[in-house]
Amino acid sequence: MLDLALANLLSPIVLSFVLGVAAALARSDLSVPEAVAKGISIYLLFAIGFKGGASLAEHGIDLTLGLSLLAGVILSFALPLAGFGLLRMLSGMSRTDAAAVAGHYGSISIVTFVAGTSVLADAGIASEGYMVAVAAAMEAPAILSALWLISRGSDDAELSSDLWREILLNGSIVLLLGSFVIGMATGSDGLNRIAPFIVSPFQGVLCLFLLDMGIIAGRGLRQAGVLDRGAIGFGLLMPLVGASAGLVAALIIGLSAGGTMLLMTLSASASYIAVPAAMRVAVPQANPSIYLTLSLAVTFPFNLVLGLPIYLTVAQSLAGS
Amino acid sequence: MQTHDAKRVEITIEQVMLRRLTDALEGADVTGWSVLPVLGGSGRSGVWNREGQISRGTGMVQVVCLIHPNKLDSLLDAVFAVVERHIGVVNVTDAQVLRAHRF
Amino acid sequence: MLDLALANLLSPIVLSFVLGVAAALARSDLSVPEAVAKGISIYLLFAIGFKGGASLAEHGIDLTLGLSLLAGVILSFALPLAGFGLLRMLSGMSRTDAAAVAGHYGSISIVTFVAGTSVLADAGIASEGYMVAVAAAMEAPAILSALWLISRGSDDAELSSDLWREILLNGSIVLLLGSFVIGMATGSDGLNRIAPFIVSPFQGVLCLFLLDMGIIAGRGLRQAGVLDRGAIGFGLLMPLVGASAGLVAALIIGLSAGGTMLLMTLSASASYIAVPAAMRVAVPQANPSIYLTLSLAVTFPFNLVLGLPIYLTVAQSLAGS
Amino acid sequence: MQTHDAKRVEITIEQVMLRRLTDALEGADVTGWSVLPVLGGSGRSGVWNREGQISRGTGMVQVVCLIHPNKLDSLLDAVFAVVERHIGVVNVTDAQVLRAHRF
Amino acid sequence: MQTHDAKRVEITIEQVMLRRLTDALEGADVTGWSVLPVLGGSGRSGVWNREGQISRGTGMVQVVCLIHPNKLDSLLDAVFAVVERHIGVVNVTDAQVLRAHRF
Amino acid sequence: MLDLALANLLSPIVLSFVLGVAAALARSDLSVPEAVAKGISIYLLFAIGFKGGASLAEHGIDLTLGLSLLAGVILSFALPLAGFGLLRMLSGMSRTDAAAVAGHYGSISIVTFVAGTSVLADAGIASEGYMVAVAAAMEAPAILSALWLISRGSDDAELSSDLWREILLNGSIVLLLGSFVIGMATGSDGLNRIAPFIVSPFQGVLCLFLLDMGIIAGRGLRQAGVLDRGAIGFGLLMPLVGASAGLVAALIIGLSAGGTMLLMTLSASASYIAVPAAMRVAVPQANPSIYLTLSLAVTFPFNLVLGLPIYLTVAQSLAGS
């Protein structure tokens, strides 16, 4: 496992992230234009969705597909409750802030997922193509749990049908699921046609994206003063809690080693696209610096650098044939 | 050139709240506005900066509305209902406009 | 032909467009940043121009080159007159609006052309490299016809020398012709050097572009209320009129099946870059919602989904050796 | 700090008309202005939005001009000649500037 | 709706000087501002345009600051210290704000 | 050498630049969005840095590495002094303007360097991977020389520690050196993983970048009125002076032909990213139109079109084994 961790640490992807963090901490003016960062994220979502769909088309629909989706939804609903409890124990933050943070950890980070697939690809390990759909299914339920936690306290959270539609139809989900369906419909034929765009340069593009994520995370770290020690502890512990829950679910369902690793990764990761936007609308009184900093500047780096090799090692020794 | 009294209302608001704001404007019978991007800023909730961001949860925009003075109050009521619980600032200046029939 | 239509419908390109339309109709916030969309369009114009030029350099200048250019110019001048007549018959819109719309249908849509070349490439059918130059030649004449139609009525349209220069030197024409010349000058040697950029990933990039076009078209469809039924009928009928005229011209000139299909495609397509800008300057009283919606939300999807396989089938059975 | 009276003229105009507007400004001897992007808006000709657009025919920009009050009339005449037949709005506010010799 | 007197200060300044300006604002106890992009413009040092630029040396941004009127003088002093030797323009308009406790 | 010059002139890269210049001179509205131009420059810096580092990892650290860095620093310090003298002889511009311009010529233009490596690649000539690090080392010292020249005159120039940090940590340097280190750390293994992104499409991307540079240079040429004849002469002569100095240094150190050509190119090139920004802050009284126009609209085209083949010919005949 140490080997794997080291190999991961020395991958261009992780080093690009580290470069971004270092640049931001040193207050360099290195930055990626917002439009370019968004363009790259569209590329990544499209590529990962399409490849997942095409792989599903080739390998056929598995009996475990439905179970995996169900497991994802349950994990997304349940993890915020565990997270909330943990956070109230470890940190002194308010109920509302704690609930908002917990919601992020039930949902998922698609870049962490992408980095996970790239670790699998490097190790030559296959995984279920539909894990992309599981990722999409896990985005929203956690938001409901967070809002329920908040409304149980004195504070109120507004969940209009409008917001509900916004959450379910947010751009990332639509693109991920849409390209998944396109990949499924066009199969390996379609994949071959656009592979020189979505397969070969994928890892390189991911480097630039992680450079940008590193810059943003580094900027976040400079504001880490908003977090008490307990919160930081939570940001490092909660991914392991999530990964363990994901592991149990994967073993029950009987996913392959690759699929197990990805479900662990999803469960361990914390949202920073869909959930923050929903929280701003529904719970404006929750402090965005807390959840953005925790998710992006603490948990994301942890997962990228240490989490992924851990999840892979565990998954390989416990799951699959 | 003949000009006419008007009010220039400038609302700096979170991007996630934009659609709700323009819906409220329409509800208040205000149908003219322009949205300008904001790159970054500072306020009571800290400093922010749009560079490299992919999160849809961060970032403000500026909505500029030119209106007839007698519509100001209903506009401000509508705007206030949206920004009340959210971060953001609203300012009004006296202005002169050409082609008053448009407002 | 049904086979071809189905294959086209299930191509990643068309499905990406459909995804964009669906996302916009469902009011998802999925969107491509303006800068990225413009960047992709620069890439596509550069690639298509370069490849056309390089192919011309390799296959030599054909006798039919001059004739094709001439045919393009004549079609561009003439089609707005036919379109104007048809539109006045079918729809109740004003003379000025009708003339402005007609101008769009004489000119061309470069994305439709690009999608056409990609359908040809999939079918393994060659075409004359200089069709790119014909596309460029067809952009502007239609604007003159539209302005003439407008000035014949009571309304006035201003065609200053300034505007004239703007039309002839608009960015798309300059880039398309410029890269065509570069491709011609550097030939297959130059092409080989940049093929990993402009050839292999082309189809994949086109998917993302059509995703964006789908979003814009879907947004347009939500405003389709500006169009009466006759106008929508025009948007579906006029491409067939244009394609027929293009077919006749191609048969007279003796283009290959591929070239015939492309000339039909050009004639069938409606501008939404060069002509709208010219109309805004010269005929501000014409309603832009009408011509933008018709061109982008009605005719473009029709051509992309149904038109292209029709034109290919017809061209293959009537033209070439 | 010493400030001086000035006028702040804000012109929201179609991007395709920008060069014509700045030519007209120069013609009226106005040589200072800034152009700001507009992301979207709403007016009598409907709602628009710049996202994902490649068409050069859509979209507005905002031109801000600070001028000496006694130049206002000739500026407005010049501007009006350009926007007259086109969509767009013009507003003027009273302002104070530092370094008046610049205007 | 109850509004309160305020000043709207708009500073058009070179992008390279932005951090120095915001530092100066903080030094003058001004903690609320927004930064807007500027696409291009014209002034005594000629015409410029941001399109296609990769140089960090070109280009202006616009900083908008809403403040309580009694803070205006110290703000202008702070701003002037930064723009004094640099190109850029500063204007102040009278405004009304909602939620005055924020300024 | 004529052959080489012609081949260079007819490369897609140079022709793309020419197209951009022509479009801007003809006042076409062709333009690349700012975010896209910045995105491409990030790509180029990342790719060139990474490849340099990976090549160093493979070929091992050369004895000449340290000497080359030292030579670069000395050249960067010294060339502004020579440039200043030359400029005062040739042109009537003020001391301050002359010193600011001279600073640009001691520092380097990374795009010129990239174009140089691409000329080498076309000619199949290898070069020392660490030349990328030399490029980074040459960025800043020239700024010190320029400020010293200015403060010697009556004018004052402000060099705060703040500005100092900004210069040393400007985004381009950080990205170039950072990706160089990543390339070194991950070696040919890392390179293989992202080669389909940073190697194969590199030349094509460079074409689009040079199209943009051409547009900017062309716009600059339209304002060339700010330059007197002597200044223009300086912009054409100074690169040759710089290249000669670079040649001597390379011969003393014993660089390969490729490395010699690149050191000549670096010395001949003039900055337009790092130095202009520093000059705006430290010497606002210097006229930016002068140094930007000279660097971008006079010297860059000269180097790209004529300089590079000259430097290559000279390097090949005098250096290396």
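In order of appearance the chains are A, B, C, D, E and F, and numbering begins at 1 in each one.
To be clear about the criterion, a residue touches a chain if its C-beta (ideal position, glycine included) is under 8 Å from a C-beta of that chain, and two chains touch if they have at least 3 such contacts.
Bear in mind the structure is a predicted one, so any value in this text is a computation, not a measurement.
**Student:** Give me the chains shared as neighbours by chain A and chain D.
**Tutor:** For chain A paired with chain D, the chains in contact with each are B, C, in label order.
**Student:** Quick one: how many steps at least from chain A to chain B, stepping chain to touching chain?
**Tutor:** Tracing touching chains, the least step count from chain A to chain B comes to 1.
**Student:** Consider the two chain pairs C-D and C-F; indicate the one with the greater count of contacting C-beta pairs.
**Tutor:** Most C-beta pairs in contact, of the two: C-F.
**Student:** Counting only C-alpha atoms to place each centre, which chain is farthest from chain D?
**Tutor:** Max centre-to-centre separation from chain D belongs to A.
**Student:** Over half shared numbers or under half: where do the identical copies chain D and chain E land at their interface, same or different?
**Tutor:** Homomeric contact, different residues on each side for the most part.
**Student:** Can you tell me which chain lies farthest from chain B, using the average of the Cα atoms as each chain's centre?
**Tutor:** F
**Student:** Taking each chain's centre as its mean C-alpha position, how far apart are chain B and chain C in Å?
**Tutor:** 38
**Student:** Between chain B and chain D, tell me the centre distance in angstrom, where each centre is the average of that chain's C-alpha atoms.
**Tutor:** Distance between chain centres: 19 Å.
**Student:** CA centre of chain E versus CA centre of chain F: separation in Å?
**Tutor:** 34
**Student:** If you look at chain C, which of its residues touch at least two other chains?
**Tutor:** Expected reply: 29, 31-36, 38-39, 170-171, 196, 201.
**Student:** Which chain B residues sit where two or more other chains touch them?
**Tutor:** Each of 36-37, 56, 93-94 in chain B touches at least two other chains.
**Student:** If we use the touch criterion from the header, which chain pairs count as touching?
**Tutor:** A-B, A-C, A-F, B-D, B-E, C-D, C-F, D-E, E-F
**Student:** Along chain E, where are the residues that touch chain B in the complex?
**Tutor:** 1, 3, 6, 8, 22, 31-37, 61, 64, 66, 93-99, 102
**Student:** Would you mind writing out the residues of chain F in touch with chain E in their complex?
**Tutor:** Its residues touching chain E are 31-34, 37-38, 41, 162, 170-171, 212, 215-216, 219, 223, 272-277, 279-281, 284-285, 287-289, 292.
**Student:** Which of the residues in chain C end up touching chain F in this complex?
**Tutor:** Those in contact with chain F are residues 33-36, 38-39, 42-43, 46, 50, 165-166, 169-171, 174-175, 178-179, 181-182, 185-186, 190, 193-198, 201.
**Student:** In the complex, go through chain F and note every residue touching chain C.
**Tutor:** Against chain C, the touching part of chain F is residues 10-12, 15-16, 19, 22-23, 26-36, 39, 122, 196, 200-205, 207-208, 211.
**Student:** Sort out for me which residues of chain E touch chain D in the complex.
**Tutor:** Per the stated touch rule, the residues are 10, 12, 36-44, 60, 62, 73, 76-77, 79-80, 83, 89-94.
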